[in-house]
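Data block below; observations after.
Note that the chains are named A, B, C and D in the order they appear, and that numbering of residues resets to 1 at the start of each chain.
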Amino acid sequence: MVDPVLSLAAESQTSQINDWLWTVKPDFVPGWAVPLTAVLLAVGIAIAIVSMVTMAGTWLERKVSGHIQCRYGPMRVGWHGWLQPIADGVKLLLKEDMVPTGADRPLFLLAPALVLASIFGAMVAFPLAPDFYFADVDLGIFMILAMTSTTTIGVVMAGWASNSKWSLYGAMREAAQVIAYEVPLGIALLVPVMVAGEFNLIEVSNGQAGGMGVFRWYIWPWMNPFMLPAFVLFFVAILAETKRAPFDLPEAESELVAGFMTEYSGIRWSFFFMEEYAAMFLYCVVGSFFFFGGFESPLTSLARLTDVHVLVQVAAAVTIVTKGFAGLFLMMWLRWTLPRVRIDQVMTMGYKYLTPIALACVLGGGAWEVAVSPHLPWVN
Amino acid sequence: MTSTETQAGSITRTEGGVLPTGEREFMLDVKTSDLEINMGPQHPATHGVMRILCRADGELCTGAQPHLGYLHRCAEKIGESVEWLQYLPYTDRYDYLAAMNNNLGYSMAVEKLMGIEIPRRALMIRTICAELNRIGSHLIAFGTYGLDIGAFTPFLYMFREREWMMALFEKICGARLTYSYIRIGGVFNDAPPGWLSEVERFCDTFDVKWQEYVDLLMVNHIFVKRTANVGVIPKDMAIDFGLTGPMLRGSGVDWDLRRDEPYELYDEICREGVFEIPLGSGERGTLGDCWDRVYVRVMEMREAIKIVRWCLDNIEPGPVIADIPKTLKIPPGEAYVGIENPRGELGHYVVSDGGKVATRVRVRAPSFVNLAVLEAIMPGTLLADAIAIIGSTDIVVGETDR
Amino acid sequence: MDFRGIYDRLRAIRAPGLTGCDEPRRPNPEDKKDKGRFGDPFVLVEPAWLPAFLEVARDDERLRFEMLIDISATDPSAEDEHLWVNVQLLSLTYKHRLAVKCLLPKAAPVLPSSVDVHRTCQWHERECAEMYGITFEGHPDPRNILLPEDWVGYPLRKDYVFPEEYHGISCK
Amino acid sequence: MGLLEKQFEENVLTTRVDWLLNWCRLSSIWPMTFGLACCAIEMMAVGCAHHDIDRFGAGAFRASPRQADLMIVAGTVNFKMAERIKRLYDQMPAPKYAIAMGACATGGGPYYKYGYTVVKGVDRVIPVDVYIAGCPPRPEALLEGLMKLQEKIQGSSVIRKPARTA
């Protein structure tokens, strides 16, 4: 086991960039500038990924909701309104930066930054391709779960600092909900972890490569029959974790106006949005790593046949991003279809049903791994 | 049982259940103050500009007080200031979701004073319009209720069908929302050619769509869980609060003015057994809960289609307005007419002293009366339930405030 | 039951405060000035006895006016010395209605509140109170309902003068 | 934007930058979920499938004034509400716009003469950018109002010094 933070410094992409920077460094540049540049570059890439995901996510959300509702969604800016997120983003950037009187100013300003920082932290463990990652974290999934759950602190901070009752309600709901669903989420992920025998996302993906193609994905019952229930649990839990309908209670519009972000405006408000979409995407990616083959897809297999390293990397990246957005689409579909559940129903479901079922899945999955899997020819 | 004095000092809250000994002492030390939260006037759940002052203990709503008057538009003062016919457009604007029905109620009240006979074709068209508008109103009620519960999409689906209905009304009277089509003495003009057959096409399509809505929202598991057993209004409470319309029928009281005090053509329609009166039955929860109220509205849409179909089958050519002078002088007297609006009994109490202007036009607005029950049923529910309850009363603020 | 039947029953059970009734009639052809009286009949009730009357009407087994549809008031004209309080009653059991009218002197428009009999009265009475300046004694929550708390005057009275401005917003 | 706002002389660069920034603003006018009366139903109709205001980027109705750019005053304003409207408008972050939708919000409409509580036009309370006639205006009219507002935004200066008028 390697400390995630240490691994970030030691064997991360920044070190790759670092090495490359040393080779191109002109003489007059001082030595200390190199690691700094490397870190800044890596941060730039992370920000780029998060904002791209957010932009694509918001655009998709509006288009998907539009088409579900028999309308088009944005149409006037660019082809089918694909420039809409840019227009929105610049507009939000230009908006007046407001801090309500009576708000706890330092906390109010800090909260969105904290929320965004935590999602960047989680992004570190996300490998875009087998050989393109910020940090090949051995405990990748732990890193992601830990970092994403720190967003709750930011949200609670935002709710408290806003000095608005709606915000406070939103924050309290968020805290209650996230704590309730962290448990089944973590436990449900134990099942694929046991099947894969790995915490490292890239290794998990590698475990699903092989002659069977897509039929070697862990989701299939012949790999482990407890994977399907585990996936359902995981999916429900991530809906709750990312505050998506039917679990969008913290920002329930018809109840709490805009929940914990009621008082936020302009770019600060968009930070929460970025966090939401990035977290959704990240969880979907995690789901595809553990259940749906990760980098593995017919496309990747095809690329592998050519034996061109770059091509394989690109195919893997395309695969994982596509899978992530497919998950995103599913979440949107649910959001625009289902009504919202009530807070007591959320709690009941989390504690009384999901957690015990997740535990049962772990037991069953573990037993299967010990007793049955070793005898299955296709697993080994 | 322990009771804690809140910081405000005014409310004594009693905890249910028996606490362990240690905990009781602990609870006595805890001083909590209930949170006063202000829903509205600008809040997505208040359906317009109503304000509800909630007292909340965490997620639990311990008290609610509706505050009205954010849309008070002096309709009754205007009623006694302008001429009889001039008041008709103002009737459109109190329950703007069912303007045809409002026109009808006012016209009938004035006609009662005048004692005139309305041509049969006018009655037919009146009934078609009123029932179509009932569908439109219930569509919005159901759609926005979905919105309150958190389902956004059904709302847009329902607006889609409503848009067709708007087009129908536009063809017959030129306006989308505020029609002033049903006049004193009949209707403004005859239906344009082809209108009746288009109404028939609408009915055919709507039957299919109606089933979709029921499948999509009405029997949705989450929807049922959110609305069943929530905001229960028992029968006697409903009567005590003077509730009418779907609110009353949702509580299982079999009362519909169209059948029990038939006006216009409803006597004939009821005799032929064209439509039924849907009642709440506590099918998914308790009798009189939010689900029952919504259920009544949803079923009423289908019944309204049946009435429209009957009218389409029986309509015959003829005049559409009685011979009335341009400037009306209404004989002295007073009359009250209540009709079954989508929201309940819309009453018009008109007093005339024989002149061109009314002495009094009183509007008994169903939303206004139905809303009063909130104070009684909201305490003790969760905040999310409170929103479900507000939605299930289906108020139009234009009507509560007039 | 028709109006006659209801009225006779009310007299037979000595409904409190009942003073008379008024029924529509055709105009007298010989008297040119008489335009007659059209519309609905109503019974007249002494204002002080209104709650008691409503209670009796609600509980009598032949009347069963269990639902109060409306309480409103009317200012017949600026010269008239009385306000009317109009009550509409409905019996769900027997499917009949009754209009009740009380005459209140404009000088002291006070009558007891009927909230204890029909809870629906609460808001109707609040509206009446703010619009006509009628005081309902014993009303649990006598605030304005539609008008702002600091509104001056009773808008639905015939002699009401429209305000010039409100909180700095001109009304002209 | 505080430092850069209205600081630069007009030249090719600043006009292009302004054009771009204005384009962003006008392509993403988010209205507030705020309906007053009858016009609100038509406003809802504009948001729905048949008219779909989202095509113009203005479909993200925000319930909180902090995140809204546009206040569509859809309906009659009375004195009790006027103070709240003022407050809501103040809560919106700049740049903010207001549309007076319908006759009532424009000038009291049918309630002008006898409406003792009705404010004779919402412009007595907040500044209004676009007035839309109608009672209620058709959804198309509201879309037209939005176009007018977009034209108005396109002409505004962001980093340029505002044009001097003679």
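The working rule: contacts are C-beta pairs under 8 Å (C-beta built on N, C-alpha and C of every residue); 3 or more make two chains touch, one makes a residue touch a chain.
If you're wondering where the values come from, they're calculated on a predicted model, not measured in any experiment.
Steps from subunit B to subunit D, minimised over paths through touching chains, total 1.
Farthest chain from subunit D (centres taken as the mean of C-alpha atoms): C. Averaged C-alpha coordinates give centres for subunit B and subunit C that are 24 Å from one another.
If you average the CA atoms of subunit A and of subunit D, the two centres end up 36 Å from each other. Measuring from the averaged C-alpha position of subunit A to that of subunit B gives a distance of 45 Å.
Subunit C has residues 147-148, 155, 160 in contact with two or more other chains. Counting partner chains per residue, subunit D has residues 33, 48-49, 63, 80, 116-117 touching two or more of them. Residue positions of subunit B touching 2 or more other chains: 43-44, 69, 72, 74, 77, 156-157, 160.
Listed by label, the pairs of touching chains are A-B, A-D, B-C, B-D, C-D.
Subunit D makes touch with subunit A in their complex at residues 1, 20-21, 23-25, 27-28, 33, 48-49, 52, 54-57, 59-60, 62-64, 66-67, 69, 93-95, 158. Against subunit C, the residues of subunit B that register as touching in their complex are 68-69, 72, 74, 76-77, 80, 112-115, 239-242, 244, 253, 255, 260-261, 331-336, 338, 345, 347, 349-354, 359-360, 362, 364, 368-369, 371-372, 376, 401-402. For subunit A in complex with subunit B, the residues that touch the partner chain are 65, 68-71, 165-166, 169, 172, 245-246, 248-249, 252-255, 257, 336-345. Put simply, subunit A touches subunit D in their complex at residues 62, 66, 69-77, 81, 83-84, 86-91, 94-98, 253, 257-258, 261-266, 269. Every residue of subunit B that touches subunit D in the complex is listed here, in rising order: 41-44, 48-49, 69-74, 77-78, 81-82, 89-90, 92-93, 96-97, 140, 155-157, 159-160, 162-163, 166, 176-178, 397-398.
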